[in-house]
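Down below are the structures I want you to see.
Shared chain: chain A. Partners: chain B in the first complex, chain C in the second.
Up next, the complex of A and B:
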């Protein structure tokens, strides 16, 4: 089990990690979602020991890690750019750690050969052993990087945007393989990514990193359906976030007024942010919004066809942008006229209010 | 101007430039094949390899004494080799140190660079005065050697600095994360990857030292290095044997360059630099 407590890291005036605390369980796939600049790479580098924190502690299986040299931490690291040894062949890249590590290097040639062959088989690189790592494809390099780390049998592997350098369909295949390999080896993967789909797809547990600390951590499905802050909702890229004030237990703001579900623990007039899922909104011509629900008037801007669904953009009077997703498996979506006014209707029960950090 | 005109003009200019560059060497090479009775100028009385034989002591002793270069050649080669090793090691270590920002790194940088900027005559003279004051004997392997290192170390340092500038640190971090110690990481990862740069630094150091005149002039003491010996023969009378020797040294230098090129080619082939990994960023 890896646990970080109150870890702080500053670069000059910039605080990359701000009293961050998180616990990563054993034998789990944890994905860490964060926008660029949220400190996610810094977090991995602090855990691996390439950077020392300015405050806080890092412990792994009960052993204090901060202050320990990187090569004595026993934590694997897979780099975004793979960072393969360009002067070595595929097999020598994989054998590198076993051969040269300080602690318990493998000196027996036969054992070395067998362990390298095993892991090369595990990641599916058979036949490429003698190739130069400069003479193989991006996906194969990714496998070499993974094999090189896994062969040393770390209990915890940090993956820094490991799929970022791959093209789309390769990325999907690697996703499945990463999960399968991890389950077979029973190690912990901490996978950092800027893509919410990747984070939700990969992680048994998803943590959202925002402004240098963990905004929320939980199982992928519950995190997706119940974000605990507007920040998390924004990171998931599936929610419209509107800000306004509380009026008589309801919402009043740019989109007009509508009731909010449940009891709010704040007084009248307090600031509130609400999140509304892209796919929980239906669009009707102005004045024809579904009765019984809430509805916001907005002007249509543009649509994006993304394959299985259509993403439409609307603008409120005050300039706030709203997104609506219509899945093509449902009733065929109408096409809309640019700059025309429409009613965006939704069930007020689907609205998630955040009163805490709204300003 | 149109490319049609520009291209031939530039071509002629380039050819003239190269001719100007190598002209003196070509003249020297031609004159080295002068006959036994000829002097160090045109016309060539008779084509022969007499002066090469004279240089190597294969002619019967005659009126013209042999070039006294045997010992000084050996001294110069030894000195250049010593300088190469020390300067390159220092250059690699210093450049490695400069990879991490440290306090006063700017000042240290200029202090190192000073060694190649300060006029050689001044440094040489200063060293001579200093050793006089301190009562230290001057020698090619002592005082001159120190100045050779002071002079060539900045070159080696700059070469290595440029190499490290483009070095992808994550490769070293990858090695550390596999449990390999920093010393082993340098030996197994960093050094093989910077080896082409190390070769360049060695070549710089060797040629600069082998050729050094002004610093050595004041500090080598009684035993002279090759450039000083050759200069010394000028004050008596010049015979074509000096040209023959010039041709032989040039050939030696080319051999060094050829070895360098071959080693470089091998290193670059095996490392293919970081191509493909940078694409990923």
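Up next, the complex of A and C:
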């Protein structure tokens, strides 16, 4: 188990990690979602030991890690750019850790060969052992980087945007393989990414990193359906976030007024932010919004066809942008006219209000 | 069947509007060949006129007949026999090789750590360039001034002797500091070190910092990382630096003449003095031997690493 307790890291005036605390369980796939600049790479570098924290502690299986040199931490790190040794062959890259590590290097040539062959088989690189790493494809380099780390048998593997350098269909295949490999080895993967789909797809547990600390951590499905803050909702890239004020237990803001579910623990007039899922909104011509629900008038801007669904953009009077997803498996969505007014209808029960951090 | 198809293709080609049966690909290839030829011809012409022909001439002259003041184009091996049987000249050939070896080693031992600092520790490009420029500052003064400046440093009443005597380490001034082989080694190392630092720094600064971090993450300590990652990746720089230093040190004569008080005679010094006394044939022999040594050294260095593949 890896646990970080109020870890702080500053670069000059910039605070990259702000009293961050998180616990990563054993034998789990944890994905860490964060926008660029949210401190996610810094967090991995602090855990791996390439940077030391300015405050707080890092412990792994009860052993204090901060202050320990990176080559003595026993944590695997898969770099975004793979960082393979360009002068070595695939097999020599994979063997590097076993051969040259300071603690307990493998000196027996037969054992070395067997362990390298095993892990090369595990990641599916057979036949490429003698190739130079400059003479193989991006996906194969990714596998070498992974094999090179896994062969040293770390209990915890940090992956820094491991799929970022791969093209789309390769990325999907690697996703499945990463999960399968992890399950077979029973180690913990901490996978950092800026893509919400990748984070939700890969992680048994998903943590959202925002402004240098963990905004929410939980199972992927519950995190997606119940974000605890507007920040988390924004990161998931599946929610419209509107801000306004509480009026008589309901919402009043840019989109008009509508009731809010449940009892709000705040007085009238307090600021509130609400999140509304892209796919929980239906669009009707102005004045024809579904009766009984809430509806917001907005002007249509543009649509994006993404294959299985259509993403439409609408603008409220105050300039706020709303997105609506219509899945093409349902009834065919009508096409909309630019700058025309439409009613965006939804069930008020689907609205998630946030009162804490709204200001 | 295949042949018939090929025949049809060929007969169809002119009908497709290609002039003289030349395909666009062929025309492009010819154009590129013409451009390449135009780019290299000035250099080839220059080198042929002013390097290849003179070198052939030197080899030719080394077989001419030398009398006291003239040299006749009658072929003889006299000069070669004289050089190869004289212990003085063979000794100075050995001195040249020995001094080359020591200077090469000392520039590497002093230059590599400097390059490590500039290339790996300093990650700011502007600062890197500034530091390299500082290394070049000695070249802003003339060669003569630089060499003469060593005299007040190394002389019997020079700075080093004064400091050592003040510190009580020695009682009488060391006379071997100046006008000795030691002085020549110090002077050459100082002057040529920068040619070692430059190429190594260039190679080191191209190493991704994450590669070194990856090696650490895999459990390797500093020594292993240096010998298994940093050194192999910077080896092309070491070789290029070694070639620079070798070519310059092997052809040296001025530093040896002015810092050794003519005690150290390199092949370069022999050529200078023989030319001075109009012994053209003999100077040519020394020149051919020196060129051969340099060629062997460079070939050997290039064997160590395949530069074409690494750069």
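By our rule, the second predicted complex is superposed on the first by the 359 of 359 C-alpha atoms of A that agree within 3 Å, B and C clash if a C-alpha of one lies under 4 Å from a C-alpha of the other, contacts with A are read in each partner's own complex, and residues count from 1 in each chain.
The rule we apply is simple: a contact is a pair of C-beta atoms (placed from the backbone, for glycine too) under 8 Å apart; a residue touches a chain by one contact, two chains touch by 3 or more.
Please read all numbers here as calculations on a predicted model, not as lab measurements.
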| item | value |
| --- | --- |
| Three-chain arrangement built on chain A, chain B and chain C clash or fit | clash |
| Partner chain in contact with A:165 - chain B first, chain C second, else both or neither | first |
| Touched partner set for A:38, first chain B, second chain C, both or neither | neither |
| First (chain B), second (chain C), both or neither touched by A:75 | both |
| Touching partner for A:216 - first (chain B), second (chain C), both, neither | neither |
| Touching partner for A:138 - first (chain B), second (chain C), both, neither | first |
| More chain A residues in contact - chain B or chain C | B |
| Chain B versus chain C as contact partner of A:100, first or second or both or neither | both |
| Chain B versus chain C as contact partner of A:148, first or second or both or neither | both |
| Overlapping contact positions on chain A, where the chain C interface meets the chain B interface | 48-50, 69-72, 74-77, 79, 81, 83-87, 96-97, 100-103, 148-149, 152 |
| Touching residues on chain C, where the partner in the complex is chain A | 208, 210-211, 213-221, 224, 228-229, 232-233 |
| Contact footprint of chain C on chain A as seen in their complex | 48-50, 69-72, 74-77, 79, 81, 83-87, 96-97, 100-103, 148-149, 152 |
| Chain A - residues contacting chain B, complex | 48-50, 69-77, 79-87, 96-97, 100-103, 132, 134, 138, 141, 145, 148-149, 152, 164-165 |
| Touching residues on chain B, where the partner in the complex is chain A | 168, 170-171, 173-182, 184-185, 188-189, 192-193, 270-281 |
